[in-house]
Amino acid sequence: MLRYITQRLIESAIVLLIMSFLIYGLIGLMPGDPIDLMITADPKLTPEDAARLKALYGLDRPIAERYLNWLSAAFTGDLGYSRIHARPVLEVLRPALGNTVLLMGLSFALALAIALPAGVIAALKPQSALDNTINMVAFAGISVPPFWLAILLIILFAVVLGWLPAGGMGDAGWWSRASHLVLPVAALTLVTVGGIIRFVRAATIEALRQDYVRTARAKGLSRRQVIVGHVLRNAMIPVVTILALNFGALFSGALITETMFGWLGMGKAIYDAIMGNDFNLALIGLLLATLTTLLANLLADLTYAWLDPRISYR
Amino acid sequence: MRTLFLALLSLGLAVWTPQPAEAGGAGELKIGITQFPSTMNPNIDSMLAKSYVLAMTRRPVTAYDHDWQLTCMLCTELPTIENGLAVPEKTPDGGQGIAVTYSLHPRATWGDGRPVTTDDVIFTWEVGRHPQSGVASNEVYRRILSIDRIDDKRFTMHVDRITYTYPASGALDLLPAHIERPIFESDPAQYRNRTTFDAEPTNPGLYFGPYRIDEFVSGSHIALVPNPTWYGGEPAFDRIVVRVIENTAALEANLLSGAIDMISGDLGLTVDQALAFEKRHGKQFNIVYKPGLIYEHIDLNLDNPVLKDIRVRRALIHAIDREALSQQLFEGRQPPAHASVSPLDWVYSDDIRKYPYDPAEAARLLDAAGWNVLRQKIRHNTKGDRLTLELGTTAGNRTRELVEQVLQSMWRQVGIDVRIKNEPARVFFGETVTKRKFKAMAMFAWLSSPENVPRTTLYSDMIPTEANNWSGQNNTGYRNPEMDRLIDAIEIELDRDARKLLWQRLQKLYTEDLPVIPLYWRANAYVLPKWLDGLRPTGHQFTTTHWIEEWRRVDR
Amino acid sequence: MSGSEPYQLAADAGQAAGPPRSIRAILWRRFLQHHLALGSLVVLGVLVSVSLAAPLVEWALGLDANKVNLLGRFLAPSASHWLGTDELGRDLLLRLLYGGRVSLLVGIAAALCAALIGTLLGLLAGYHGGWLDAFVMRFADGIIALPLLPLLIVLAAVDLNKLGLPETLAGSENISLYRIVLLIALVGWTTVARLVRGATLSMRTREFVRAAEGLGAGHLRIMLVHILPNVVSPIIVATTLSVGNIILLESVLSFLGLGIQPPTASWGNMLTGAQELIWSAPALAVWPGLLIFVTVIAFNFLGDGLQDALDPKAVQG
């Protein structure tokens, strides 16, 4: 078990290293550099200015050399400065990460709290009116363009009804913060909950068919006991998989929600960094997102072992 | 028990007692803008969002006023040759230079009580010209050869050339030497990362304007409160919150829900958005449109063999109905442009070649240029080449995308096949335009200042090339010795009347040669609450917030 | 992984139970019983046909879909413009039809390309196993974590003329469409690859595969003839479901300014363009939004119905 975890962690570290090179290369391949952008913004920039600035930002060196410089600095803990925020990268990312975890965590928990019972209820009576209704709602949720949903929510709750703020982070107080969270969490939950319901339902139906469920029923266990004791446990396995996959996807999904509601999270920070040619910030942000996905996958695999004793890792 | 109750009661009363109104007393003003400033240091780069906020907290030495005339903001009198504060002189290497003397406002004081002095001027100049400071444009600092300190508030600058802009030579944004000097001197190359403006933007010592920054939440909002050391008129508002909402649909929603009071015109809605907004909510707000110095145009790549032909360029412009475009899309709020100089600028000349909408003339010119074979309604030349041109702009800019499609449709009417190829702004500006990679036409805007000499956009040595690090903005590749001569002559002509004549010739030549297709003058749209008074749009790069102390709340 | 279980049994059923035609008949009957899926199929059929018929409609109405008319902006529905006109005076119905062509084309083409790549890699990985399997699967992990944005921006700037593409293709206004299809296929193959690999992995140990190996069949033949037909159902289901997702993704990319570029219409860029007109001309936003919603949900129902129909245990039971 320990050996397995160690091996996976080493693998993840290698993937991360390769990704850092790939992402660095990709950003390097992107057309134009920060100084080129400055030239269009500032007509007074002379050729000497351009050359001086490129040297100052290290942009006159070949990409491989820049990558190695960055890597050796990164290993000593110096992740550099964000160009567009004019602050150390970690100082920019720390609050963004906190905000995203708050937003994602809440909506994730909410989605699970809705999807687990809804999916199981739907699975217990397939093709019933209840099942069909839950199905319809789940499909509707995953079929709506996310930015469209956000606009509709803003129009309804912020403009027409005036109950909630239309966007932004709110002030320091928890009440203000909470009221600003309602709409983005709702939007994010609505677009994720459908997928999870579908998976829980499918997994539960699958589990209900297994022989041991029939056996357990035959042994005279009550329906409730069987569902809680056997079905749910087995149904959780594919659910965990999809959750782990969703974890990484939530970063890109959060970009739309974060942009629409002005929530300062990771998705938006990374997007702005890429669009604003902020090398350091984009790189670290993307690597962090990669790391989260890799770790979530590892966690999912470990959860299988815990949920299903038949699976073992050597 | 009773005492506790009384104590609670008095506590409650203390909380509920109305606070005495402070100086100003107009309450809070919440402004919505669409962009968050990156660095707050005034000199490292230029960004509209930053100057919008900073203009409330500090002022440049000189600026252009509402009538587009140069005026003193931090100084007491503009130096001119007539009043003796500007004296032409020889530079050390024998060229013609000028010495200009300024006095800083006697009561100008940083928020921490330290006076704004000549030391700050000298420090700002040292940072600006230091090769490693990270200040993007050195030009304005490099032109200053030396600064003589007369006393704490007076100094003389020796400038290396004599141009008509000499009274603005000292147009610096001062840095507080008493705070920034140690940081700069410990490591100039790291100054741009360590400046107090970013490390501690709420430090009162950084500001001397009517307001100072009280709260700074990166990416979200900036709150400002009155600065007691301000030397000018008393500002009315007790607190100003500048909230950043990038999505304009969300910006409108915030305005309607009362989360913001107004949308800044300098950085807010586009004119078509404002027009749509006015139709629905015009009664609740004052909506003010001000056309300005934002020149929307199409750069033509003059190295393109098709566009080399002046007849094709003239046909292109005759074929489009800019008047209808302006009337129908913008209800006339963004007037058509005829040349690169705004009609609001005093050097504007009407004696230019104008190109009215005339499809017949366009067809005649194209026929003459050899594009006279029509196949599937598209013109070809006798060799069989198709008249196809590529037009690009910034993807996601809705107004430009609409205009682009209108133009495409109009050009098709005369048989010109225009292909649209848009790119994200960072690609379009970072690569396609700066490196002259656009094949035929690139649509974007120039933002300029009043009486701005178009040296960077029209002078022949300003064509971006690999050799000059892609700087210069003559993206069309335009070269005409006559234009070069005119630009040189305008810069050093100190006599206004003589200069105006040169400007006339420049505009005439520009419209004769037609290196770009002028489209329209972009307007700023201000959405203001009915109770706000005193906000006067400028139409140039000095934002309305340079006069924020004039903004008032009036009840009507 | 238990997700591959049903398909493995599907293979058993296919091998064991009688002539395949009766199975197909059962499957078809089961599918017909799935009313939602059937309805979706009809809806999609109608959408695809009217989109394909766009030039015909254009001709019949005597209109030009790209003709800008500045004097006829935001017209209400009328006899000549059934759904009215858009912000540039173009016929909304025609724009929607042409937009539908693009959106559906992007969705279907990208899903098919992704399925093709995924099937190939999944087969190879599952069949070969060992280092190849590990490599493909870690590669897939990397792709899932790969940022779409910089990729798109890079691709948006690649000069296609320099890649040797002919001017007619590189200069075409549809180039943003091809780019998006290619890009989505390049990042979207992982789901199918995982499914196919899982199924192949378990299939390898089946007797009939072993037997074929014993009889000296080549690897390629075993993969294509013995294994592929038995993993087809999960591929079909996954591909159907992904069409809807890709149409959604296209609208999101349009929202970010990285999608299909004007004047080519797609439902995504029409919706994005209309979002600020939501108050003054709600129809411009309602129609493309509704069409995206209906199409995506129909593809999802269809996939769902297919999944149920192809589910072997239901056939047995």
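Letters A, B and C mark the chains in the order given here, with residues in each chain numbered from 1 onward.
In the analysis below, a contact is a pair of C-beta atoms (placed from the backbone, for glycine too) under 8 Å apart; a residue touches a chain by one contact, two chains touch by 3 or more.
Quick caveat, the model's predicted, so the values are computed rather than measured.
*Asks:* So which one's got more C-beta contacts, B-C or A-C?
*Replies:* A-C
*Asks:* Measuring between Cα centroids, what's the chain most distant from subunit B?
*Replies:* Between subunit B and every other chain, the largest centroid distance is to C.
*Asks:* What is the distance, in whole Å, between the centres of subunit A and subunit B, each centre taken as the mean of its C-alpha atoms?
*Replies:* 38
*Asks:* In angstrom, rounded to a whole number, how far apart do the mean CA points of subunit B and subunit C lie?
*Replies:* Roughly 45 Å, centre to centre.
*Asks:* How many angstrom lie between the CA centroids of subunit A and subunit C, rounded to a whole number?
*Replies:* Distance between chain centres, rounded to whole Å: 23 Å.
*Asks:* Subunit A: which residues touch two or more other chains?
*Replies:* As it turns out, subunit A has residues touching two or more other chains at 30-31, 151, 155.
*Asks:* List, in ascending order, every residue of subunit C touching at least 2 other chains.
*Replies:* 153, 157, 256, 275, 278
*Asks:* Using the touch rule from the top of the page, what residues of subunit B touch 2 or more other chains?
*Replies:* Residues 249, 424, 426-427, 431-432 of subunit B each touch two or more of the other chains.
*Asks:* Note which residues of subunit B are touching subunit C in the complex, please.
*Replies:* Result: residues 248-249, 273, 276, 279-280, 324-325, 328-329, 388, 390, 395-396, 398, 401-402, 404-406, 408-410, 419-424, 426-427, 431-432, 437 of subunit B touch subunit C.
*Asks:* Along subunit B, where are the residues that touch subunit A in the complex?
*Replies:* For this pair, the touching residues of subunit B are 38-41, 44-47, 131-132, 134, 136-140, 189, 192-193, 195, 198-199, 217-221, 243-247, 249-250, 253-254, 256-257, 259, 424-427, 429-435, 446, 448, 456-457, 464, 468-473.
*Asks:* Would you tell me which residues of subunit A are touching subunit B in their complex?
*Replies:* 30-33, 36-54, 56, 81, 83-88, 92, 95, 151, 154-155, 158-159, 162, 165-169, 259-262, 264, 268, 275-277
*Asks:* So in the complex, which bits of subunit A are touching subunit C?
*Replies:* That would be residues 11, 15, 18-19, 22-23, 26-27, 29-31, 132, 135, 139-140, 142-148, 151, 155, 206, 209, 237-238, 241, 245, 248, 252, 256, 270-271, 274, 282, 286, 289-290, 293-294, 297 of subunit A.
*Asks:* Residue numbers of subunit C touching subunit A in their complex, please.
*Replies:* Its residues touching subunit A are 1-3, 5-6, 36, 138, 141-142, 144-151, 153-154, 157, 244, 248, 251-252, 255-256, 268, 271-272, 275, 278, 289, 292-293, 296-297, 300-301, 304, 313.
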